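Structures incoming, each one as structure tokens.
In what follows, subunit A forms one complex with subunit B and a second complex with subunit C.
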Partner chain A sequence: MALFSKKNKKEKGLYLSDKPPLTVAGIIGLVMSYTILFAWVLAIVWPLFQMVVSAFNGRQQQYIMGNENFEFSLRHFEFLYNETYYLTWVRNTLFIAISTALLTLVMVSFTGYAYSRYRFKGRKASLMAIMLIQTIPTFAGITAFFTMHSIVSSVIPAFSRQMMLILIYAGPAIASNTFILKGYIDSVSTELDDAAKIDGCSNFDIYRLIIMPIARPMLTIIALWSFIGPFMDYLLAKVLLTSPSTYTLAVGLFTLISDFRTMNQPAFAAGGLLTAIPIVIMFVVLQKQLVSGLTSGSVKG
Partner chain B sequence: MATYSVHLKDDIGNKYERKNKYLLQLAQLDEKIKQEADSNKKTELLKERKSLVSNKKKHPHNIRLEEFRKKEGEFLNSLKSNVAEYKKTLSEKTNNQVKNLKTRMYHHEKRIDFYKEYSELTYEADFKYRESKIHVEQIPEIIDFIEGIEAELFQAIEAKDNLDPKDDARMKEDLKSFKKEAKEKRDKEIQKVKERRKEGIISSKAETNAIKEVKREYKNQVKLQEYKIPSKENKDFIRSKKRELANGIRRSEKVLKADVADTRRKIPVEFEKSRPVVAYATILLPGVGQLINGQRRKALFFILATLFSYFIAIPYALGYGNYQGEGVAGLISLAEGGARVDKSLIFMIEGVVAIFLVLIAIGLFYASFRDVLKTERRMIRGIRPTNWFETKRTIFQEGFPYVTSFPAMLVIIFIVLVPVITTFLLSFTNMNPQNQSKFTWVGVDNYKLIALGEGLAGSVFWLIFIWTIIWTLVATTLAILLGFFLALLVNNDRIKGKKFFRTIYILPWAVPAFITIMFFSIMVAPGGVITEILNSIFNSRIEIKNDTVLTRAALILIQGWLGSAYVFLLTTGVLQAIPGDLYEAADIDGASSFEKLRRITVPLVLFQIAPLLVTQYTFNFNNFSVIFLFNSGGPFDPQRYGNLAGSSDLLISYVYKLAFVNQYQAIAAAITIFISLGVMFFAFLGFRRSKGFKEGRL
Partner chain C sequence: MKVIMKNLGKKYEGRENFTLRNINLEIDDQDFCVILGPSGCGKTTLLRMIAGLNSITEGDLYFDERRVNTIPPKDRDIAMVFQSYALYPHMTVYDNMAFSLVMRKERKKLIDERVKEAAKLLQIEEYLYAKPADISGGQRQRVALGRAIVRNPSVFLMDEPLSNLDAKLREHMRVELVRLHKSLGTTSIYVTHDQTEAMTMATKIILLDDGKIQQVGKPEEFYNKPENIFVARFIGSPTINIIKGKYKGGKFVSETDTIALTPSKEDAEYLKDFEGKEISIGIRPERFESGGEFGDTFEATIDVIEMLGKEKTLFATLKDGSDLVISTPGHYDYKEGETHTFGFDIKAIHYFDSETGERINR
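Coming up: the complex of A and B.
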């Protein structure tokens, strides 16, 4: 860069760019482009900004009103902390999300490996079955989940609704991610496996020492998406979880704006803000991985 | 009639002579009968065979065999006591492992003596003889190995007590000074590398690598030096020897077993049976067949399968041990005439579960049957059944995919399939507010109601369906166009601050959707920010949430806002990957920028992200969150939508309201099935195009 600027100074007036010079139409187009781009920036930032402002505005009462003045205060956060189950919701959501991710990861890592590397009896049939199953939307079984849980919990009292929810999230995730991981491992040459086998590795050793390290990028993506899924879901959590102390964030925060007894919109803004910040950071930082996960095997939205 | 073959064959097809003269004679006769064309002679031969079979016990070979069996029994009895006595003579001092090995050695030596003279008589004795021989050859080596290492260990432990603490202290001092020196040297090296980087001779990556290497080298040197401390060296020596001992024994045992297994493969069995019988006889009792074939540990696993089948699966299917239901029968009765607390839905679910349990049991039965049959058939051909060592190896090799994907399959069956099938069955019942706990089968009535748009719940179906379709098409297309257009603009060469725009533009995707939707919902509520602004612009009171058209428009705009970020992200990725020379070539050919867009950019982008866009449509088709969290499907319009649905409800939120608010579960199930089939169809379309499917690598 330094080199270029020196030259530019010396030969001022000379047009050195690779691009053709701007015409008048080009300039107008560019100005319009910038206008549109900034307008969209505004369209995105303004609502989010409103949320931040309402979260910190001590003047806001139970409802967020548009015409009130601003006064900085943390009282909505205090309310959230003291008067609601916010921290419990965070804990619940994390518990559910992490368990789902782990369960999915462990099972998928095995099935993906098995389906990619072994030619066993019933492989094709079961693979087709899994392929069909993973196209079934999760909510299709929704009426049965609740009753199923009461049946199981009558046998095993420790089996909580949250555990049921974890299984419900993990089941379809296992089915669809098996495909993604299988495809990924397929693209890895089997020469490494063969070499390891000759060196005396057992199947499990190959899985542990060869395949897992190679598949780590894809496993990270699978874990990430299985982790994010429970964060974003409202429907299943709403159907299964019934008491406020078991809610996840999505269900819990909704009670702050939907139920007259617990209505507190600024507190919702505060809670939403607290929830959004770590997730936004995660999304922005891990953007590339998350997108590649979507493009590599996305079948479901 | 069952016939015998003259030769026995092993795994890889090697031929072996029969040792059993009686069976050999039979086999030879069989051969002759087969080749004989003349029917008279044939009947004669058959007669001869018959007499041979009826005089089986008098056959000289069988007599000798009988004798051998008797003697073997005596021998084995005496062997046991002999071995026990021998064990006592071993000195107390010897270590347990060596003692056991020596006893084993003695045991096999005796066996060699006994079986040697019968090894020509039968393959059984031959095998036992050779098996013992392998043991006798290899055990002494193991004993030597153990004793050698034990001696070394003993010395080391003794040396440990005699260590001079002064030596230790001195060496530690030495180490300190050595460390200091090495550190200085290391720092100097690092300094050198850094200087070279400053001069621009090496790249920054080479710099970090070189520094890493220097540091590693230092660490290694220190480690080496540390071992000069006597106490540390001694400790480490003992540890490594102990490890060597354990590993060595395990390895030698494995070699021994592998050798025995190898002999098993090379020495055939002779079997009087010529047809698999056990497999069919024990088809209902997995495990017993394996037991008869002499595979005891394998049998144990299949006996577990028997226990599962007879004590869990079948009783459950018959209605025992159910939570409420009656097993499979519950599917038909649906708790009709049952107690008050009995719920049809529970009966239904338990029926479905029972069916799956039975299917699993049948699968296990079949697996066991196949296993026994295979083993038996191989035995008839002359192949010895595998022992546990071999079976284990097979399980770890060929059984690996089954064993590892079994838990996943269980989860998929019970968490995905059982509920989905229940929903499917539910759609053929009349579960509604009047029939909550007890309902009956009603056939396709629900589907009829929906199709004809009749009944309380069905009448609004088509209305909602049309809005769902409009919503899906408009909202998704809006998001796609917005995202695509923005990506094009940002990707323009002349636009500066690309990073800034890109980071801002993915925010709607990064902020959890439920939060933004809820906040939009607050903002358009009466008194909310947006409402206030609109009111001041139009100078009238606008209530978005109470107006069907406005609510729908707001929903579409919000979804456009939310969905565009994702499309933007995908498109940007593709745009960045389009090689620039395509555009240069187009420039040279005199293409306008619109033509470049139409002929290069759009086709390339569409080709890559089309399957993902299909999923966007299916996603919005079922986008429960945005509808429910924004306005709970409202505003309500009882005149057109009745009391069950709001005017912005999609099919999925309608299903939710039907099933969980108004208790019309059966109709909800029917609609769910309808939606699911549609979604599955589109998912399949998208899937068919995916790489994994296309390449035929299923």
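Coming up: the complex of A and C.
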């Protein structure tokens, strides 16, 4: 019925859009925009498609060949499971990713809130310092990290290379996300803090009961980013982790395409495909939290 | 509860001057006290100091006999309604209202009773379980009031609570707030920049400007006996006419001699010491006599007429080009461009010392 009435209106020649009617130049521009967008999509989707197909193609051998033969098989997944440390890598990566995310979240909560709400000596200077230090890539400090790790681990033997890696991932994440969260909390009216103070909240209560729930969409994004980071990073993990049983997924999988003795490209594709699963699960679980707009209605809108 | 301020002062960090200084005030139990002033005069600072949200730099603040300078807000037995309402956006109306009691770890049953009671009083029962985002501005206002009522405070603080409502609703809420104040029997302190709110609601007005108290008193005193030129100008709409001049030979003469005025006998007593000195007179727009058959009169040409229904506001120019606002009953017949003779209601003239701005005929 709704469709019908819409059609009816069109037939009467009513122009319902709020935009001005398209000119010839406008149409050409539109066509060009869409062409570029489609080309872009193709550039992203085609390799992904090839990866998925190769991962399930039993006909593929050590090297991925662009041929027409396809036979569905889970052979490459079995190879990953039986012939490599794949599960250990998954466990390592998840451990590092979750620890990084939690550490980042907790620290950023404190720093972001403090920078937004408190006035203290050196506030501006330290913010600037954090921002400037950000411009130096983390990798530049790799030798220092090495030394730091060997010093600390000589005192506390339980301090593993993986833990060092967690700290290295969390450090810059805390710094850059402090800015983001500070900005977000700045947009929350301080009258809410005042109201909470009168209602009997301590400073920590104000964050826990009022600010944190309001900043939840932002906190979710921060957690997600710092969770994904360790999945994506190769360089730091490669340098710092030396035995295959401590590898993360990125480092471990790379051994399947970097060395001709362990070369197995379809297994690499299969491993890559599986890697996406935890991230996808995270997105699905956190989807609700990501919906922002919670602040509307707190103050006059 | 009485609120007593002794020599209260506030200086913000990084500011050169005191925002407020030498504030001496006594607000009686069950007073509806309105702190009035233009923006930036320090009225909100004063309220926040009473609430404990801003620290007190100097002086003492007492609630009855208790000195509360360093007591945290939650232990001061106060409730505050904020300009933006400051409702917690992630909580339902019910949770918003119950929050302070939950923080005090009251029993669930008592909390429920109190919230329901307040909701009934404010007629917000229907949307107790809605989120603040889903209700209208007027309803949010009520929830904010409800949140304060639930605490059963001894002092009720309000920071421009009506400024976000539309005109009709504001008028309605004014009456409602006074009613609420009476039924609760608390001391209320209300901050506003709107003189109408102050005049209509207050039992006591405090007019602040420039960090100093300009006048304290009942609304009618403010209108009929302003302490200085600032107060006279601030209260009353349309604004009072202030005419500068000199007191010469028992007569007030304006600067360009267009207006001459013989004061009443009582006022002449006060003015004795000002012979030959600069003084100003203030006259409310409605205190001009039209027709001008008696006493001192002057001629004025009407430029613009604002028709308000029950009254007409005439914007007139004197011979020397200075402006004057005159308000007359709405049915009087005046036309723009006409020249008329007006007189003064001699009993309603306010005399001020031009130098200090202080009132002469107290």
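As a convention for this text, the second predicted complex is superposed on the first by the 230 of 301 C-alpha atoms of A that agree within 3 Å, B and C clash if a C-alpha of one lies under 4 Å from a C-alpha of the other, contacts with A are read in each partner's own complex, and residues count from 1 in each chain.
Note that contacts are C-beta pairs under 8 Å (C-beta built on N, C-alpha and C of every residue); 3 or more make two chains touch, one makes a residue touch a chain.
Every value quoted in this text rests on a predicted model; they were computed, and no experiment measured them.
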Partner chain in contact with A:I198 - subunit B first, subunit C second, else both or neither: second
Partner chain in contact with A:Y118 - subunit B first, subunit C second, else both or neither: first
Touched partner set for A:T35, first subunit B, second subunit C, both or neither: neither
Touched partner set for A:F110, first subunit B, second subunit C, both or neither: first
Touched partner set for A:I130, first subunit B, second subunit C, both or neither: first
Contacts of A:Q61 with subunit B and subunit C, given as first, second, both or neither: neither
Per-residue touch tally on subunit A - higher for subunit B or for subunit C: B
Subunit B and subunit C footprints on subunit A, overlapping residues: 294-295, 297-301
Subunit B residues within the subunit A interface of the complex: 323-324, 343, 345-346, 349-350, 396-398, 400-402, 404-405, 407-409, 411-412, 415-420, 422-423, 426, 486, 489-490, 492-495, 501, 503-516, 518-523, 525, 527-533, 561, 569-570, 573, 608-609, 611-612, 615-616, 618-620, 622, 624-625, 628-629, 632, 652, 655-656, 659-660, 665, 668-669, 672-673, 675-676, 679-680, 683-684, 686-687, 690-693, 697-698
In the complex with subunit C, residue positions of subunit A that touch it: 119, 189, 191-192, 194-201, 205, 210, 213-214, 294-301
Footprint of subunit A on subunit C - complex, ascending: 13, 48, 51-53, 72-74, 78-80, 82-90, 99-100, 103-104, 131-135, 137, 140, 147, 151, 164
Parts of subunit A lying in touch with subunit B, wherever the complex brings them together: 19, 22, 30, 33-34, 36-37, 40-41, 43-45, 47-48, 50-51, 63-67, 107-108, 110-111, 113-115, 118, 120, 123-124, 126-128, 130-137, 139-145, 147-148, 150-151, 154-155, 167-168, 170-172, 174-175, 178-179, 182-183, 186, 202-204, 207, 231-232, 234-235, 239, 250, 253-254, 257-258, 265, 268-269, 272, 275-276, 279-280, 282-284, 287, 291, 294-295, 297-301
